[in-house]
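Below is one structure; the comments refer to it alone.
Just so it is clear, A, B, C and D label the chains in written order, and each chain counts residues from 1 on its own.
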Amino acid sequence: MPLTGQAARALIELRARIFTGRLRAGDRLAEIPLAEALGMSRTPIRLALSALQSEGLAVPAPGGGFAVRAFTVREVDDAVALRGQLEGMAARLVAEHGVSRGLSRRLHEALDQGDAALARGVLDEEALDAYGAMNTALHAAIAEAAGNAPLSRAIAAVEALPFASASALVPSPGSAPQRHRLLTFAHQQHHLLVEALEAGQGTRAEALAREHADNARRNLRLILDSGEAEGLAALITFSDAVA
Amino acid sequence: MPLTGQAARALIELRARIFTGRLRAGDRLAEIPLAEALGMSRTPIRLALSALQSEGLAVPAPGGGFAVRAFTVREVDDAVALRGQLEGMAARLVAEHGVSRGLSRRLHEALDQGDAALARGVLDEEALDAYGAMNTALHAAIAEAAGNAPLSRAIAAVEALPFASASALVPSPGSAPQRHRLLTFAHQQHHLLVEALEAGQGTRAEALAREHADNARRNLRLILDSGEAEGLAALITFSDAVA
Amino acid sequence: MPLTGQAARALIELRARIFTGRLRAGDRLAEIPLAEALGMSRTPIRLALSALQSEGLAVPAPGGGFAVRAFTVREVDDAVALRGQLEGMAARLVAEHGVSRGLSRRLHEALDQGDAALARGVLDEEALDAYGAMNTALHAAIAEAAGNAPLSRAIAAVEALPFASASALVPSPGSAPQRHRLLTFAHQQHHLLVEALEAGQGTRAEALAREHADNARRNLRLILDSGEAEGLAALITFSDAVA
Amino acid sequence: MPLTGQAARALIELRARIFTGRLRAGDRLAEIPLAEALGMSRTPIRLALSALQSEGLAVPAPGGGFAVRAFTVREVDDAVALRGQLEGMAARLVAEHGVSRGLSRRLHEALDQGDAALARGVLDEEALDAYGAMNTALHAAIAEAAGNAPLSRAIAAVEALPFASASALVPSPGSAPQRHRLLTFAHQQHHLLVEALEAGQGTRAEALAREHADNARRNLRLILDSGEAEGLAALITFSDAVA
């Protein structure tokens, strides 16, 4: 469940500190000092730490609480490539089995929602939230329709790795036009993917899903290459953007 | 570590009972009655139960001991397809990155060992053992050389599912010529795969690895379709054939 | 060689008449009446007819001159799909063999030229011309670098079919923003394709080249679905846009 | 139409001379001296020369008659790879569109005929002939069912190149067991391909058809590497084996 309010702000701040190196691998993440440092009560901190854990950025520490997990860009690249391979398989299976009427409706609803979110031209937080929810729903619908339980479990496992999730496009809100361009391209891929699924083109669907996953890798690299700490400070993922 | 002696025989017998339906999903697997039924001490039974668990055919039971795990042919098919997708990715990555001299040596040693095992024409237990060891080594070498840690973990996870492992070719020893034919075909795929890896042909390597995994699915189906309980009674996998 | 001036206008007009059905399959294309109808001398008409022939829209007629060739949307779809399959093979081979320094320079020059043409925001005829020249150069560089002579001949053969050429993106100049969007997407695919080629990712390069070819099919359909005869009247292809 | 009797023997002899280098690129192939050299009348020589031309080994010479066409192993490799790419596309399209009842019957008839030809264990000329006819029928059925006219033309064009045809498996009759092994493997690929087509697995069908075409390349290389002129002297292709 996406965080809101103070918990969301705590999560964004903690992620930014991890990326910028103010928090390093192994550093303790204790509720009380963090609550004081961020001027919040302990409850939103606790929610933020739990979210950090489920996205792979924090691990339980010996003696209780959490610590920052070590991860490298290489590790993110590998996980994203694996997600592409797995989501590609799901897309191929759906194309080969045929798209049911119910799935078709879900997919087109998602396409419409994405079109609407992008149509305003400016991606404010509401539009980003809408896009993020649509994105999660679209990916989940395809993975589920593939009907292969071990595959679904493998996708869930890879999504728990840092920045590997389909929802972790990590756009830098510092440059709104660039963000709009990235999402416009990504959503055009959604359109082509649905076209391929409905036309029964399994090879094409698999390739599109793989290429689509690669956006996450590329976007993370753009941010890291930019080196703009101030941009990083506002890092968000779609799944938990401030409402 | 492959079982030998009585433990191996216990494992084969338990697998056969699961396949033939004499043991059904949920049935308790308790050491003492099994030791009596099979005329063995408890130690080989304990080893066999542990092996059954690691290949996904037994699960810890509430109150201690094990129970037969429910699994369906569909589940095996799904897991095998997933393994093909994952091993295909590993093969593609190796072809794209290039084959190191050390890897090349390991691969050709494996090819030679497989050729030698098949050259005798008759697959006795020694030849089967040699083939099985070669097969495990070849698959492991490629997965490792891909250098993608999340991928390696995903392969390990799928190999823990019933009959999904690359070593679970499940040949029916009842028909030796058919078994020889199946392995000759599978090993010819190994040769083509190594050729593709060394030629840097990633697409081809991925496709060959996928198709190769499909042997496991097909072989299981052959056995199930044959319906010969007496053939099933001697089911073995390469990884733990009686030495 | 791209046509200019009156010959280019004659070609555009003749194509538009074929698409809108004012000229039908089998209709004679005789120089003198066409010169009168279009208010030109016979020389530009002759050049336009020759260009129509080389793009598969006119065939030599018994008794001399040309006639409109019958073709269907299905035929264009088939030819475009075949071109994607062939250009995909070329891209895969280049990725597998490795990109030479000279090829890399040619590819990046083309990417830069395309970026420059699109950067102005508005696609005037000069920008379209520049984009078209870049597009032809990029596709030719990859096909040539594949180093497979029968493949090159097969690509040339399919490019001679109506609207199947990589240069036949057929944008409707009636809607400039849509045209800009289509080319921005197509050129982003060029960027990804070059990235894949240089990273030695053959599978990815093949898939991107296939998907890229599919733009031609989609664009033609957009035009046909729009049913706007006035838009069709100004149909152009990049290879022979009015200078 | 396959040649028989003296014409077939003349064709085999001429091919062997080209492969072994007794006839070199550019050498004239004149009816009268060849008829004398081979101890035949001119009619079978004329038929053999015409067959040589249609398989790309002879070209019309200035001043009439034929000359040996220059070709290299590289050229054969390229053409075979292209055929694989094209037949792969056909197979993918058939899998995506679905296999009609009529096509299914044709495919299974072909599989049965191949099984029967191989079942005897020894491949005498009658069995080779039967296998060759089956092989041609199977490949043609798939190419035709793809329903893409430009693709069919491209396949026909590549089949006219030396040794690129699906019927040019070029087995060396000198080693009957090796020949049986090669065809057993190739026919197992036919079985898997039909399975993939009927299961709607387009990606798999494309990969199998590509890999299958690669047999031609590998077989030619085996012959060339063997360097056994006496084996080469009896080179045959299925399409025109002596009846």
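In this text, contacts are C-beta pairs under 8 Å (C-beta built on N, C-alpha and C of every residue); 3 or more make two chains touch, one makes a residue touch a chain.
Per UniProt, the chains are A, B, C, D = GntR family transcriptional regulator.
The structure presented is a predicted model; accordingly, all values stated were derived computationally and were not measured.
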Chain whose Cα centroid lies at the greatest distance from that of chain C: B
Where chain B and chain D are represented by their mean Cα positions, the distance between them in whole Å: 38
Whole-Å separation of chain centres (CA-atom averages), chain A against chain D: 52
For chain A, residues contacting two or more additional chains: 203
Graph class of chain-chain contacts, one of line, ring, star, complete, other: complete
Of chain D, residues touching chain C in the complex: 75, 78-79, 81-82, 85-86, 89, 148-151, 153-154, 157-158, 161, 164
Parts of chain D lying in touch with chain A, wherever the complex brings them together: 92, 96-97, 199-203, 206
Contact set on chain A toward chain C in their complex: 185, 188, 192, 203-204, 207-208, 210-211
